[in-house]
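Shared between the two complexes below is subunit A, which pairs with subunit B and subunit C, respectively.
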Partner chain A sequence: MRSTRACGSGANSMGGSDARGTPLVRVENLSIRLPVGGDRPFAIEGISFTVDPGEIVCVVGESGSGKSVAANTLMGLLPQGLKISSGRVLLGDEDLAQASAARMRALRGREVSMIFQEPLSALNPLYRVSDQITELLGAHGAYPGKAGRQRILDLFGYVGLPEPERLIEAYPFQLSGGQRQRVVIAMALALEPKLILADEPTTALDVTTQAQVLDLLRKVRKDLGTAILFVTHDFGVVADIADRVLVMEKGRLVEAGAVEDVLRRPQHSYTQKLIGAVPRLEPLDLPPPGDEIVLAAEGVDKRFGTPGGWFRKARHVHAVAEASFTVRRGETLGIIGESGSGKSTLGRSIVRLIEPDAGRILFRGRDLMTISSGSFRSERKHLQMVFQDPLSSLNPRKRVRAILTDGPVAHGESRAVAEVRAAELIRLVGLTPAALERFPHEFSGGQRQRIGIARALMMEPDVIVADEPVSALDVSVQAQVLELFNELQQRLRLAMVFITHDLRVAAQLCHTVAVMQRGRIVEYGPTASVFADPQHAYTRQLFAAVPGKAFDSWRK
Partner chain B sequence: MSGFWKRYRRNWGAVAGLAILLFVLLIALFAPLLYPVSPWQMSAPPLLDPFENSAFPLGTDMLGRDIAAGLVHGARVSLLVGTISTLCAVIAGVGIGSLAGYFGGWIDDVLMRITEFFQTIPQLAMAVVLVAIFTPSLVSIVTAIALVSWPPVARLVRAEVLSLREREFVEAARVLGRPTHLILFDEILPNALPPVIVTATLMIATAILTEAALSFLGLGDRNFMSWGFMIGAARSMLREAPWLSVMPGVAILLTVLAINLAGEGLNDALNPRLRQRGE
Partner chain C sequence: MPFVTFLAGRIFKALLVIVAIAALNFLLIRLAPGDPASVMAGEAGATDPKYVDMLRARFGLDQPLWKQLALYLGQIVQFDLGFSYRNQVPVIALIGERLPATLLLMASSFVVSLVLGLGLGMAAAGVRFFGRARWLDSAIMSIALIFYATPLFWLALMMVLVFSVQLDWLPAFGMESVGANLKGWARIVDIAQHLVLPTLALSLFFMSVYVRLARAAMMEVMTQDHVRTGFAKGLTGGEVLRRHVFRNALLPIVTFAGIQLGQVAGGAVLIETVFAWPGIGRLMFDALLQRDYQLLLGVFLVTSATVIFFNLLTDIAYRFVDPRIRLEGGAR
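Presenting the complex of A and B:
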């Protein structure tokens, strides 16, 4: 195993190439300056690394670490305002930092190609997917005429798209997320480049699709010998796919080495912190919940549909089908599912942001569905919600003080009393009272989510529904927020419904879990037993797709 | 606020626009002090050339009325009509647009059909008809201009509200149990206002032009001198005394230009993110 490792000391060559033939890419002492007034002088500062032919190198880091900038440099795709201030980016013997725009165009696609994070925005919605690949082939004068179509069919077959003959006529919107990402990969492979840059290529995908795409990338590397520079924030993915890892922090390369070395024995304190923050897949021992059933759902059902008209067929989606569960005081129920499973619809039905079509939602034995929406407004305070996107869930034009106190005031509390509690709660969630005077944009993502939690707590609720509250956060921040949830629940004995797609997160927090697939709860039981012995085939499939199982065994 | 001014200042055109606008505003405010005599008064020999007589620096028209006095007093009418009619149009447009956008369904359908009804009739033609029906006066002119200019505001606000009401902070307000009127006016509308403010600025310019056009057609308020009237009255003398039309024309041009520049600067300053992309 390659294990050339060096740490820390400024501009150093990490992952050297001796005894391994000539590296494909050599980045030497590369610095990219940020525009004046940024939060630091350099986007990336003095980084050096190599990528060998046929090697998968992962660049890991939190948001703002400069990991995407590092990858984009190889493609000549630096955002406006960023310029290479020193260093060399060698592809073979050619310095890409000095290459002309025309030369970069010739290289892109043929020598280096890219897989983007969001396949929907990487594909032009107005063109058939095959046209977009044809355009690429045409731009490089490859596979002229009939050969082009055959090449696309071959590529589609290779990346595992079903019925290539049919999909070659498809527009991006007609494909699923996973199929789109396969198209993007097919496009990246079209001219068999030596290097593929993949910028968070699985982050927007569901976990089962992610596992398939990772398999595909491994196959590409094995069959074609393509080197892949893989940017990600997810250590599970790193463990599954990488040969070597580069860890970046605030524009600097802090650690590099073979994947097993770095993940098993991280040297740099930042790497240790990051790896320590990745939640484990085993359920945590949580204090037992109380006996009182605070919230119960019975046969909740919701269909979405557009009625038919003159020119369109009626469409119906059964978003939630007869979902039932109970939550006791001090208990957390995890609702787990992939996108489109109906987990958010179910969560929103509980707080009546969505009106279910049928079923009962019992809060302390009282059916909330039979109360008119007018008188429900006063019941609302008992059922609160924490949202996914901490930025969009806070009104950008209000100070935190108003964000926290508006709710209680709407229920007749005096502003002065509410402000006293706001000052207490802002401390409870780990911020200083000075935060009350500031606007949401002045906070980091994790701090904003703390404000969102404080806002829910201001109502002194019995039930909190949290819809993916940590999925937009960096892993180290995620760990802190999860800890906050655990601590608050123990202190306030809240009943919580925690919606997540991430089994690792669920393991940290949930007493019971309900796994949803296409609107139905397919498995429901105590976390420990579901994790130890999943019964339903879909649950087993979910567990099989969780990235980084090797990583978990290394950590034991 | 200081950040806002800093961003505004970066656009020199906007600063120039604001300066011209302030100048026009000051002239309008102090018109009675600068020219205490009515601008309708025949105070000098007719058709004095500009700079011929230092008492009448911009000359006189065919009836011997002072052009400078006309311009100064005309500024009052232009700005008054422009701002008040825009204010009325914005209030109506924001109200209708936010109700349509927030409640959707049949309320949206009804309000938007009404909006489209107003939008399909050419603005000036409708203003002319309205003023002719109500007999020309400042009130009828302001009403007419407001009536023809609210639909774009309504559509803009509706679009903003439509996208804002799906945001999580609005859902959060509903979960907190805030009443509907507060969700609409306290949570959503403040976020929808920046583009409305910019549109309103540009509407003032259009309103000034509409008022000038109405006066030119003889549908102005005869109690007040206005730039449009001056151009209209002088059009028969276009060959003999072109300055009679040119002076008020330049005044309209400068004012409208200034407002447009200021509006654009406002747009850049209120939407800093859009601005950065352009640079």
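Presenting the complex of A and C:
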């Protein structure tokens, strides 16, 4: 199953002293035991793979597949309680499984370095970013004194940070997400390691920033000949950056090969399932919506800010600026935008979880903004919300039965009627009635989101506002939940507002889309025409940044 | 926000708060039944209402309340805390005489509890961090729990019983040996010996709070990604613990240190009584029993000013510990 295809480009330009064709990393029959009482005996079971100098190898899998453990092993940074039980981890000719703690320290940061998922938490918030790189240089006795500062300036310039002279003084919280990840990459490159381990390095980033960071990693590989072991769950990213792919399922390596071979002709059934679950970028043919306009927003406006004080200036952010749209019965409107675009604020304004400053929200022709809070309470049951994080949005101390029935009972329904509907709905969302007696933590992420949807449906709403409901889910689960949304809408003829950052998800579900940028809806129209011919420059930029376009053409 | 603007704003607000506290104290104290004139007359055995009225007139107690308040606030602005008729001395002199003893006790117990608490808390978190000698963690946490749960006055009495009465190692009460009339170095040693027991009694509770706080904060920081980054740079475990765990765990500790400093000034009453420590806590207690309004108000004002002062110090300390607070709203 192991491929020995060597990757050419730029392998010998800098840093890579190994001869072409000799693997930089050889993992042989590696097993890592989990502590007793886990859901399986091994975190990683008998995996073997190689990484050549200058090669980008992607490790793909769903959460819990052991893909991050595999990467951490090469750093000797296993979580407490995990130990290599058999096998070899060779870096060059050295077996890292046998290396001393001091030897591992000498290797970390110099020969092997790491890029983490969350660039904010990967940097210590209390130190200047330059001091954190200086610390790395100091730990290896490299670039002493003034040379260190110059090295950092060079690195900052190389990774494309604007104004290195100024940013060298900055603290992490003063940088944007993309800039932070560039700092983390600069740190990883500081001593020109032979291997970089990148653990979901773009998952926390916006799609346009992600595209830039992927470009940067490709440039690093080309210029420095650095091999990159890239852990990800996103096949679009894999298609864009990988030379080779390793697919992991529950600690085992189920498939490995050149990226195009694996993505075009997946052999293993698990790989086929994963790839089949990735939503396509072309809009799906959805049944047409009805004529009745259920929900309309007119000029909704919201500013956030800190009021001024005696010694402070007031500060304002225009979170939503004059947003207007309509949603018909049976129609799904997708609100698309990057972080900070105001899409969640707009979503919450519709159900008045946030009070907008201006504008009208018409629900079946009635302005929700002007009615009293007492009569809004009775309207609220018609407007329900599904949240992103299904764990934190369900009360952990209540059984599913109570989670589902409390809402209707609070609105004056008899408990018996509510219980009957709870039993119906739990089946409708694809769970068994036994689920009613259990607590939220006993379910997987996908099941929890089904409960969250059932909870919203318990109120028999006309409108559902779903805020990134599938973003926290694995791709195969995401596909199932998206299907559930489609099915429910056809059956119940709901009007839905679906907030997402993911154009692929929007394509599967939405009749119309509204693209938001800095609080404004910059483009609004039927999904098919926006996807076929985006008008606004920002929309085009978003489409250009979607990873895995080659992947889409391979799947046709 | 630049430091000077921040400081000016905070000091301005602090002064307003102090004036408000002074007014509130003044009004609250009038709600208690009985006034100094009736107490003094009662103690002198005089029941003649004319004598009481004369006393009232002398203390200005016959004036309308708002006039008394205005007069009082006017005095305070000029740093005049009034006159204690019971002791026949200006209030400020009485407080000035007692304050150093309390500050000494406060400072020593603050340092002892902070140093012991942080040291033990770091040790407990450290052995968890390195995954060895976990028994040390359990031992430290048990000790902390015991001192956390033991009542202060009982602990103080037991220490007197063991170290003074039984072993005769340390003096049981007072701040200096009576009638010894020591000078220079010998006097310092004498005071230090007297300081040991009250300091310990006051410190052990706060120490156990610091142990728990430091350990919990460090354990939480340990799970954060930047700790992993530290290891990924090739730092040793000790370096990671010191630079990336301890430093980040300081913020909740600073918060509590501020609370402790503010509290000790008023909270030392118990310890000062048990150990006969001539501090401001006992002065307040005596003033309360004697209805010495001016003195009581003076003590209240000084203790509230201490609380506000230490709150301000805490906020300044935050700015040094955490750049996010220092640079909030600053140049981006």
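What we mean here is this: the second predicted complex is superposed on the first by the 533 of 556 C-alpha atoms of A that agree within 3 Å, B and C clash if a C-alpha of one lies under 4 Å from a C-alpha of the other, contacts with A are read in each partner's own complex, and residues count from 1 in each chain.
Everything below uses one rule, namely that contacts are C-beta pairs under 8 Å (C-beta built on N, C-alpha and C of every residue); 3 or more make two chains touch, one makes a residue touch a chain.
The shown structure was predicted, so the numbers you read here are calculated from the model rather than taken from an experiment.
S.K.: On subunit A, which partner's contacts cover more residues, subunit B's or subunit C's?
M.R.: Residues of subunit A touched, subunit B against subunit C: more for C.
S.K.: Pick one for A:113: touches subunit B only (first), subunit C only (second), both, or neither.
M.R.: Touch status of A:113: second partner only.
S.K.: Using the superposition on chain A described above, determine whether A:135 touches subunit B (first), subunit C (second), both, or neither.
M.R.: second
S.K.: Looking at the overlay, does A:406 come into contact with subunit B only (first), subunit C only (second), both, or neither?
M.R.: first
S.K.: Thinking of the overlay built on chain A, is A:355 touched by subunit B (first), by subunit C (second), by both, or by neither?
M.R.: neither
S.K.: Counting only touches as set out at the top, which of subunit B and subunit C does A:424 meet: first, second, both, neither?
M.R.: Neither partner.
S.K.: Considering only the touch criterion stated at the top, classify A:122 as touching first (subunit B), second (subunit C), both, or neither.
M.R.: Second partner only, subunit C.
S.K.: Return first, second, both or neither, reflecting whether A:171 touches subunit B, subunit C, both chains, or no partner chain.
M.R.: second
S.K.: Help me check something: in the complex, which residues belonging to subunit C touch subunit A?
M.R.: 1, 5-6, 8-9, 12, 131, 224-226, 228-236, 239, 243-244, 247-248, 321-324, 327, 329, 332
S.K.: Using the touch definition from the top, list the residues of subunit A that touch subunit C in their complex.
M.R.: For subunit A paired with subunit C, touching residues are 75, 77, 80, 105-110, 113-114, 116-118, 121-128, 132, 135-136, 139-140, 171, 173-174, 184, 187, 309-312, 315.
S.K.: In the complex, go through subunit A and note every residue touching subunit B.
M.R.: 351, 353, 377-378, 380-381, 383-385, 387-389, 392-397, 406-407, 410-411, 452, 455, 459
S.K.: What part of subunit B is in contact with subunit A in the complex they form?
M.R.: Spelled out, the residues of subunit B in touch with subunit A are 167-169, 171-179, 182, 186-187, 190-191.
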